[in-house]
Structure formats: structure tokens, C-alpha cells
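Structure provided below as C-alpha cells; questions to follow.
Order as written gives the chain letters A, B, C and D; numbering starts at 1 within each chain.
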Amino acid sequence: MRGEGSETARLAAFSDGVMAVIITIMAFSLGVPKHTTWVAVTRQLPSLLVYVLSFVLIGIYWNNHHHLLRSTERISGAVMWANLHLLFWLSLIPVATKWVGQSHQDSMPASAYGIASFGTAVAYALLVRMIIRVNGRESLVAKAIGSDIKGILSIGLFAAGVGLAFLSPWIAYALYGTVALLWFVPDRRLTRAQTG
Amino acid sequence: MRGEGSETARLAAFSDGVMAVIITIMAFSLGVPKHTTWVAVTRQLPSLLVYVLSFVLIGIYWNNHHHLLRSTERISGAVMWANLHLLFWLSLIPVATKWVGQSHQDSMPASAYGIASFGTAVAYALLVRMIIRVNGRESLVAKAIGSDIKGILSIGLFAAGVGLAFLSPWIAYALYGTVALLWFVPDRRLTRAQTG
Amino acid sequence: MRGEGSETARLAAFSDGVMAVIITIMAFSLGVPKHTTWVAVTRQLPSLLVYVLSFVLIGIYWNNHHHLLRSTERISGAVMWANLHLLFWLSLIPVATKWVGQSHQDSMPASAYGIASFGTAVAYALLVRMIIRVNGRESLVAKAIGSDIKGILSIGLFAAGVGLAFLSPWIAYALYGTVALLWFVPDRRLTRAQTG
Amino acid sequence: MRGEGSETARLAAFSDGVMAVIITIMAFSLGVPKHTTWVAVTRQLPSLLVYVLSFVLIGIYWNNHHHLLRSTERISGAVMWANLHLLFWLSLIPVATKWVGQSHQDSMPASAYGIASFGTAVAYALLVRMIIRVNGRESLVAKAIGSDIKGILSIGLFAAGVGLAFLSPWIAYALYGTVALLWFVPDRRLTRAQTG
């Protein structure tokens, strides 16, 4: 428990634990088709699709979080709370996923999914800011993050989804899917920084 | 698995695992609104609020536990059981959270929440005592903890909540919220000890 | 992932993960009282008591498993499967716990609880044998385990509970409680071996 | 979080977390017999048997994954996503397990179980390919894997099960059981490579 970085390691391990449970519980809440007919199976399809979306989104956060902490040299109490704040919002995604899976044609679940995702994106951006503040503007992590256009764009797209879901939930789903595509490639900036 | 501190590391990892699952399962038990109407969403609000409270409380324990074990040099069988005892009480918090979420206007769930929180606070205080006994009064951890006024105060506030919930559950919630505010800032004493 | 003992470390970490989830999920399945009356609360008492028993039993296995792996120098594929076999039986304990909690006055749940516990005890004994076989009769772990009277006694008591539950479930519960008391103190033999 | 292999370590730890939760949640979904009669207990037997099968399959993946990552020296962003892809399919196994447990005499759940297992087997093969691509054809891991006949055979058997389940679910179960037997012994090639 001594040694450099051990504090960061425990933070990473705890976050991984939460994300691992989130993914698995979300899968399990998919639920089993009510009957053993094609119709019953087809009724489960929307909840399977929204599970795929949520899985990819949480995978993205896990990946970026992983790269972020690898570049982080120092953490503080504020970083710990910023990280817990991120986990709080992430923990709401399974609930939103379940709701969308149940009533994917309604605006409200689609908007609620956007709120949970928006909160997560904002919390991640805050965590990055906190880490840069502790490690300094000249640190590895600060240089690696740079201007963070993708982060700001995601926040905007999720916010748009929250509102536009009331026009049509499908617009919201399209916006959320766009964010997933945007981030699918792990943050090259941090990856590069590590190899160097 | 050799090396100094590895025993402490496994204790920390196991505790983190339990706390990670507690947080996620608690979120998941929030439940999805029954209908896609504003009224149905509003009905979920109290359970969302009590989830926030529980999340913050468990976050506080995770944070303090993290700092406590970082200052700990030696552990014993008694410390292991004191830690399991803490996890036992922590594991009751999701159940209490769920009950308050379902019937937040009744005295009994509010009082039960206080019992689980009181047990957790007592168990944490016991764990601290056990660790100090093993590491000695002159150890880093013993000096860092000092007189532990916040710990004793929390126990008192939770105990008061258990009783006063029968007067009004809102008094109990106010007391529990006070404890959360009290501890929100991580234990500066231990943080200081580590930097030195 | 290189370095001596890293394989043991991952085995320990995986087992800890499973046990952490078992404990938390078991707690969560306690369920919330149906009404906010004393009668409804009292109805939850048996399931709370059997949860305490299961928590202590899993705590004992976690503790002993922890000490066992600390004394272990080498593991093999057979040890890995023996460990998974232990986790399999451990994973049935929450199910048995839930059943006893629902119908504690019936013989069958009491007997089923005994089967799960008996399987766990046998699996633990097998794991110990496998580890000794890989590490040799002159190894630290072999000397530390010795004749393993407590292990054999536990298997016998659980087996007796499986049968005697049909006479009265209370006899079975008394036997299971005896095992818990027997093991409550962590295995002194291994603890001693480590300090030396 | 620095030091060689730490990235692989976190990947392993995260995967272990997901697999630990999968195993435990799957056990818990076994459900308690509805009545305390022999008939009610016998009705749970098929779901217990399919749980055993799924437990063994996930144990095999855990074991092989463990040996795979031990031989892996370098990972990349693509490896991370290939690993998440594997976890995605693994996370569907509990759902398939639950469905088979509920209606084991129907073709559809048996076929769905095959789809989840087929996806997992393909994802594992992809992960192996990705790791070899990053580490090079002359690497320890590439030599250890060799021609991967067992992997290809498993994919074939699962695919056959998906189709033949519509002839009779029992043929499908026989095929899935064959895969389990085939892999039960951990991948000797990798085990050998490590000892050398």
C-alpha cells in the first residue's frame, strides 16, 4: 500500500469494480423472453440494442478512465470525490437502460437516458479538470488532454438528446449513438503520451 | 502475495469489492418508474434522494477506509474480523435505502436506516481501535486519528435519528444528512500524516 | 503479471471478487418488510439471523482462504479448478440462505443449507489437499495445515445437519452455528507460520 | 500504475471482476424452490444443471484468459476493445442460462444459449488474434497458441448447437457439454510456455 501510485491504483481498482458490476447487472436485467416464440424473442430486441449502446458507452468510459489514470501522477481528496461523482452518474445508466428497454417508444425514458449520460459526461470532464489542477498545467496528463473537444461535444450531444427526445425518441437515440461512435477509438492523445 | 503490506492490500481490495457492489446494486434497486408520465417520475424522486444520501455515506466510508488502511502498517486476525463486521453493517445500508425509498414518510424505515448507519459508524470506530491496538499508540495511524470527535459525533447523531424518527422521519433524515456533511471532507488528519 | 506469486495473487483477487459479490447480493436479498409495522419487521428477523450465519461462514472462508494462499508458493491448473469448485459451492450459499429465510421452520431448506455448506467444506478440504500436493509435504503450507481436525469436524457437522434437519430444522441450525463458532478464530496454525 | 505489465494487470483485474459478478449473479438467479416439497425441489434440478454447465464454461474462459494474459507482453487499444467484446458475450450467458433453466425442453432457449456461447468463443478467438498481432508472430504468446484447433472446434460445436437445438434441445446440450469437456484441462500449450 506504500509505493508511488498505489493511491491511484486503488482508485482505479475501485472504479473498475463498480464498472464491472454495472455491466454485468445491466446484462442480467435484460430479462428472459416471456414465451419461447419468435414474437416473444423479437420483443426483447430493443432492450438488447439499448444494452449494446450502454455497454459501449461504459466501455468507452472504462477505456478513457484507464488511460486518464495511467497518465496521472498525483491525486487528492477532491479527485477522489470527483471520481465518486463520476461513478454516481455511471450507476444511473443501468436504471435508464432498463427503462428504455421497457418503453423505448416513449420520450421520457429516452430523455432520462440522456440525463444519466449527460451527468456522466459532465462528471468525467470535471474529473479531468480536477486531475489537471492537482498535477499542474505542465504535467503529462494536462498536455495529453489538450483542448478536450470530444468531451465538450459529447456533453452537447447528450444535452440535445434530453430535449429532442420529446420531439421523437429516435432523434435522441441517434444522438447517443453518435457519441458512442465519436469515442469508440480510445483517446489517441493519451495513448500517444504513454508510448513516448 | 509476499512483501510488506500485501495483507493490508488484500483487505483493502476485498472491502473495495464489497463497497463497489453495494453502490451499484443500490443504484439498480432504484427501480424504473411504473409509467412514462411526470407523476410516475416524481414518485421515484424520494428513492433517488435517499440513494444520493446512501451513496455519499458509502463514499465517505470508502474514502476514510482508504486513508485509514494507507496509514496502517500491521493487521491481525482481530482487524480482519473488525473489517468484516464493518462490511456486514455496510451491506445492510442498501436494504434500508430500499425501504426508505418505498415508504419515506413512515417512521420505521427512517429508524431502520438509522440502525444500519449507527451499526456502520460503531463498526468503523471499532476497526480504528483494533488497528491502533495492533500498531501501537505511537504509530502513524494512532497519531493521525487523535481523539476522533467526528466519529463519536456521527454515532450520536445516528442514534438520535433512530429514536427521533418516531417523532418525525424528517428529523431523522436531517440528522443523517448532517453526518454526511460533517464527513464530506476526507479525514484531513490522515491525509496530512501521509504527505509528511 | 510476471514476478513470483502473481498467479496466486490473481487467484486470490478473483476469489475475493466472488466472495464480495456473494456477501452483498445475499444482504440485498434480505428484502424489505412488506409493511411498516412491528409485526412485518419481526417477520424479517429469521432471514436476518440466517444472513448473519451465512455472513460469518463466508467471512470464515474468506479469512482462511486468505491465510491459505499467503502460505502457498506454487499453484497449478488443478489448484485453479479446485478453487473454482470451492467458489461453485460458495455461490450456492446465498440461494440456500434465501430459502431458509423464507421458510425457516421447514426441514427441506434447513437440509439444503447443509448440503451447500457441506459441499463448501469438502471443496475447501480438497483445495488444501491440492495445494499441499503441488507445494510438497515439506512446504510451509503443508506444515501449517497439519492434521486439519477442524476441517474434518466441520464436514461431519454439516453432513449431520443435512440428515437431522428432517428430525427438526433447529437441530440443523444448532449444528451449523457450532461450525461457525469452531472456525470463528482464524486458523492459528497458518497465522503462526507467517509471523515466523 | 507504472511498471511493465500494469496495463495488462488492470485488463485482467477488470475481466476478473466481470466474470466474478457473472458467476455469482447466475447462481443467485437459480431461484428458490416454490414449495418445500420434493416435487418443487426436483423442478429446480434442470436450472441447477445448466448453472453447472455455465459455471464450468465461464471457469474455462477465466482459466484460459488468465493463461493468455500471463503470456502477453504488450496490449493495445484494439486488444482492450477485443477484451470488452469478449466480456459483452460472456455477460449474455447468465441471461441464456436463466432462460434454459426456465424452459429447458424448448428449442429456443437451447438455441439462444448456443448463440451466446458461440459469440463468446468467436470473441475469445478474436482476442487471441489481436494479442498475437500486437506481440508479433515470434512472441511467447503466438508460439504458445499455435494452430488453435480447440478454439475452432468449439466455435463449430456451438454453431451446430444453435441449429440442431430446433431438432432437439438435448442434442444442443450434448454439444455444449462436449465443448466443456474439451476445454476442461487448461490450455497445456500456454501452461508449458510459462514454466519454461
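Points to keep in mind about this one:
To be clear about the criterion, a contact is a pair of C-beta atoms (placed from the backbone, for glycine too) under 8 Å apart; a residue touches a chain by one contact, two chains touch by 3 or more.
Owing to the predicted nature of the structure, the values given are computational and were not obtained by experimental measurement.
Of all residue numbers used at the contact between chain B and chain C, under half are used by both chains, marking a mostly different-residue interface.
Greatest centre-to-centre distance from chain A is found for C, with centres as Cα means. Distance between chain centres (mean CA atoms), chain B to chain D: 36 Å.
We define each chain's centre as the mean of its Cα atoms; on that basis chain A and chain D are separated by 26 Å. Chain contacts: chain B has residues 13, 17, 20-21, 25 touching two or more partner chains.
Residues of chain C touching chain B in their complex: 4-5, 8-9, 12-13, 16-17, 19-21, 23-28, 30-33, 36-37, 41, 52, 55, 59, 62-63, 66, 69-70, 72, 184-186, 191. Taken in their complex, chain D has these residues touching chain A: 1-2, 6-7, 10, 13-14, 17-18, 20-22, 25, 29, 77, 80-81, 84, 87-88, 91-92, 94-95, 98-99, 102-103, 106-109, 112.
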